[in-house]
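I have a structure I would like to understand better, so I am pasting it below and will then ask my questions one at a time.
Chain IDs A, B and C follow the sequence of writing; residue 1 opens each chain.
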Amino acid sequence: MKILVVNNMAPFLWGGAEELAVHLQRNLIAAGHQSEVLRIPFRWEPAACIPSQMLMVRAFELWNVDRVIALKFPAYLIRHPHKTLWLLHQYRQAYDLLEVGQTNLPPGDIGAAIRDAIKAADNESFEESKRIFVNSKVTQTRLKKYNGFDSTVLLPPINDPEMFVGGAPQGYIFAGGRVNSMKRQYLLVEALAKSAASVRLVIAGPPDSPDDVLRLEMLVEKYGLSDRVKLDLRFLSREEYAAYLNAASAVAYLPYDEDSLGYVAMEAAMAGKALITARDSGGILGLVRDGETGWVVEPEPESLAQAMSAACVDSASVVRRGDGARSLWLQMNISWQSTIERLLA
Amino acid sequence: MFTPGIKASAIARMARIVVSALQKQGVELCVVRAEATQKMQEESIEFGVPTLSWTQKDDIESAIDLADAVVYHVGDNFPFHEGCLYWLERQRGIVCLHDFFLGDLFAAWMQNHHERGGAILKYWYGEEIAREWPQHLSSPDFIAATHLKAPLTEWVASQATAVIAHSAWGMNRVLSACSGPVRVVPLAYEMPQAGDIPDSVFAQCSGKLQVLTVGHVNPNKRAESVIRALGSDRKLRESVVYTLVGMVNDDTRRRLEKLASDLGVQLRVCGEVSEAELLTLLSNADVVCCLRNPTLEAASASAIEAMLSARAVIVENHGFYSELPDDCVCKIRPNHEEEDLVRILHALSSDTEARNAQGVRASEWARQTFSGENYARQLMEILTLSQRSALVSEVMQGFAQKLESWGGGASMLCLPETLDKLRVFDVGQVELSLVTAVPDKTS
Amino acid sequence: MKIALCSSFVPFVYGGARNIVEWLESTLLAEGHQVERIYLPHIDTPDQLLSQMAAYRWVDLEAADRVICFRPPAHFIPHPNKVLWFIHHVRAFYDLWDSPYRNFPDDRRNRTIRDALHEADTRAINEARAVFTNSAVVSQRLRQYNGIDSEVLYPPIFDAGRFHCQGFNDEVVYICRVEHHKRQHLLVEAMRHTQTPVRLRLCGSASGADYMEELHATVHRYGLESRVCIDNRWITEEQKVDYLANCLAAAYLPLDEDSYGYPSLEASHAGKPILTTTDSGGVLELVENGRNGLICDPLPEALGAALDRLYDDRHATERMGQAARDRLDELGINWARVLNRLLA
């Protein structure tokens, strides 16, 4: 079949969704189909641009395509008789973020009109889609709450599972992924100050801004932890990243209320590493069961310190939990093969 | 082509010229007479093509189906243009706008469409003006009171797929209301058959300067100013005979005659005359005074006639008249009528050669500019443009409808972020100044 | 610089326009630029023409320093620094209006759409700071239909260094999609009229089975099996380089194509002369008769004679092959020049 993956494009920026789209394409081809990715430039700032962007997508004409798999707003507004959604993102600033005042929609009539238009266009697209998949329970809940549509959770698989072979724990907690205040890596440094002396910490990943770097550096200095913390704040190659992860004692990932499971968590589980997370981290809680696959604690230094210490000191426990994580992960059967089968069913 | 069809209508006479020019260019036509039923008994024009009257609904609907385009000649006269209004609502088309001021037309139409009329006034001019407008209806100053604030140009222009007007001065309102292409085209005009107008030099039996004003005698034509100007100067009083030709009511006639006699001015009030008599009077005239204040017409048939007859023409420097070339007519300042008239009449009476030369220049220019052939050609051009613009409208409509279905509507479409990028599809609102015969594209 | 390369595309249809874009992308990346490739869908039906143009109008690429547009209606994308490398018009509404390629009626509505397209195209193209085309043919059309002057910028092939000359055997190759429009049949018939042992190799996959069958039938009918080899498949790049390295000459004789075609360029890089015909179109901007190839009448007899000539007069053939390389330099067909012009 000729399957077109349709996604947004923020010109010259490349992120998780772009990676996902490319891997989806590759795996579709591996499964014997033809596949291309259509990336549609989307400008949402200022919000007054949004109506024109919606009309733009709606006006595109597709030919020679058997199936469309669309990922985001407004890409999924594209017209096609056989459209499947794998919803990574609605335009949250018209929904849940609007409710908490974190939106670029202007106050007053125009903002309300744009919001209404987004919702109506969304509903129209959802109605005309053959199947709706979502990338997390949170997305699923929001979709039901704001638009009234049911959907099936389909977690995005690890793109290169073969990299995560695991290995003997080397006595450090690994915190991978983007570094910013929402991801709360700073809590780990504060927790380290209260942890057992043998606990070490590696924070490695691209920082969103220089301020994020500064914050961590200052905390390390404040607590005098420079010999126990490694800050490798840049974009890592897959090999570098996998190396850190495979040799860790446990992996810490504790963002604030995130939709999805998080690649870091999945990759950790794949590698058989125990996970440390917080009660309010969101989607990851689908993979972390306190005592079985890792630790779920309060998002504050004392509790985190206990988990981190346990992970580095009690090797039997951390290995058991790591195995548990891997076992749970494999049970979830989240692979590209199974994903594609479900997308195309 | 919807147009009045009776001889009494200057527009009807003009339409005949256009019909004939279009035929020469290979266009097939059908004319629909638009005058009110009670006027249809009057002497009518022979267009030389199949002719219907606007009440023949079925025939007209068939004709519209077959037609490539529909054209409406609209002027400020309800009895002449009733049919145009009826059909324009039902079938959009190209409007040849003969008057920018359509207050009288609107007032008469509104009598049977009271609510809609009110809504139209409110939409274009706001609540306040909409409320006070009806108060002016009964006043003799209706035109003066309303032509600046509520000329009703937009009401007709907004119904058109394209507009041709005959001068530029009132175009702003047309541009703001018509979504299609808009053009200024010099009025098509032909002097009635009379043979060559003899040079007036030999015809003066009285040796006096013959000044003529043609047209329905109303304050708008400024006869009083001319009389006062003549009366203020001894030389002019003695050497000028002022003739008024055209319909005049008794009150006005008495008043002007008294004024003239009080001031010692030689005045002749002829009333309505036949075409032949009019031509004779024109040929005997040395100067034609074609003053208008306020200026309402898109173009003036009488000014054009005067120019075509190679007379020296005096006009006021505003509206259509300001677009006439400076070396073809004499222009006076609207706020200094008497003062300027005295000066100009002196100049014209003293230099016969210059006066005649100006007349010749005027007639040359008028002959070239106000041609039926040019009008027909430009009408065909704007037809093509309007078809394209209709196409673009269709696409815009599609987007508007999509936004509507999303609860957004016109307000979303009109956001500059949405609309500005689409300017590349503008069919182009072309303006033409009277002085050039070639369209000058402005964006 | 941040450069956006914009083109229309039909999903799963690959061809010339995509190569130009993707090879340019690679070249720009190698020069250290940031490149974003934007392919947007488009179909040629009259009723959807204007709305799709509007859609392209709303594409926002302010993030780019420069935008380069290829296949229409990509040139509608607004940008203060827009450069066009104009490959072709929506031809059914232009030069192919009076041809069987227009598969919609010539009625008033479609004519109005056509005129609206011409007008809008002209405006949008005039927004660009520079307009380049891929051939003189396309430039001439831009002038004729849109009144716009443009500069011809010949598209090079990627990694031309692969092509080399190893020798001249006795086989003329035609490496190209096998289609009626490319006229492989003319060459096959030409083989009947040869006197020398010159051989012919056709390499390429066919889009339809009929034409291929026709070719085989012709070969069989005239007993040309030992002299004509039909490689009905998409050969690999390595194989192509190999065939060109050793062949006697390369043929490229499509019917009236706009551009000279990559096969001609590949042959030139391999230092081989090009056999073509008087009505092949863009190839004639590249080939000069007797200098870097042979141009003959599109008739089997004439082609047969040309094939013989290539075989007989080895010296001339080799000389023409060398000249083919020189011609590329003369016309400036290289990436350095392309970058230079596009980024000026």
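Annotations
Criterion: a residue touches a chain if its C-beta (ideal position, glycine included) is under 8 Å from a C-beta of that chain, and two chains touch if they have at least 3 such contacts.
The shown structure was predicted, so the numbers you read here are calculated from the model rather than taken from an experiment.
Chain contacts here are complete: no pair of chains fails to touch.
Centrality annotation: C (chain centre taken as mean Cα position, compared with the mean over all protein Cα atoms). Of all chains, the one whose Cα centroid sits at the greatest distance from that of chain C is B. By count of C-beta pairs in contact, A-C exceeds the other of the chain pairs A-C and B-C. Centre-to-centre separation of chain A and chain B, using mean CA positions: 71 Å.
Averaging C-alpha coordinates per chain places the centre of chain A 44 Å away from that of chain C. Distance between chain B and chain C, defined via averaged C-alpha coordinates, is recorded as 59 Å. Multi-chain contact residues, meaning those touching two or more other chains, occur in chain C at positions 51, 54, 58.
Shown for chain A are the residues in touch with two or more other chains, namely 49, 52, 55, 59. In chain B, the residues touching two or more other chains are 399, 418, 421. Against chain B, the residues of chain A that register as touching in their complex are 46, 48-49, 51-52, 54-55, 58-59, 109-110, 113-114, 116-117, 120-121, 124.
Residues of chain A that touch chain C in their complex: 2, 4, 9-12, 34, 36, 38-41, 43, 49, 52-53, 55-57, 59-65.
Interface residues of chain C facing chain A in the complex, by the touch rule stated above, are 2, 4, 10-13, 34, 36, 38-43, 45, 48, 51-52, 54-55, 58-64. Within the complex formed with chain B, the residues of chain C that make contact are 50-51, 53-54, 57-58, 76, 78, 108-109, 112-113, 115-116, 119-120, 123-124, 127.
Of all the residues in chain B, the ones that touch chain C in their complex are 68, 384, 387-388, 391-392, 395, 398-399, 418, 421-422, 424-425, 427.
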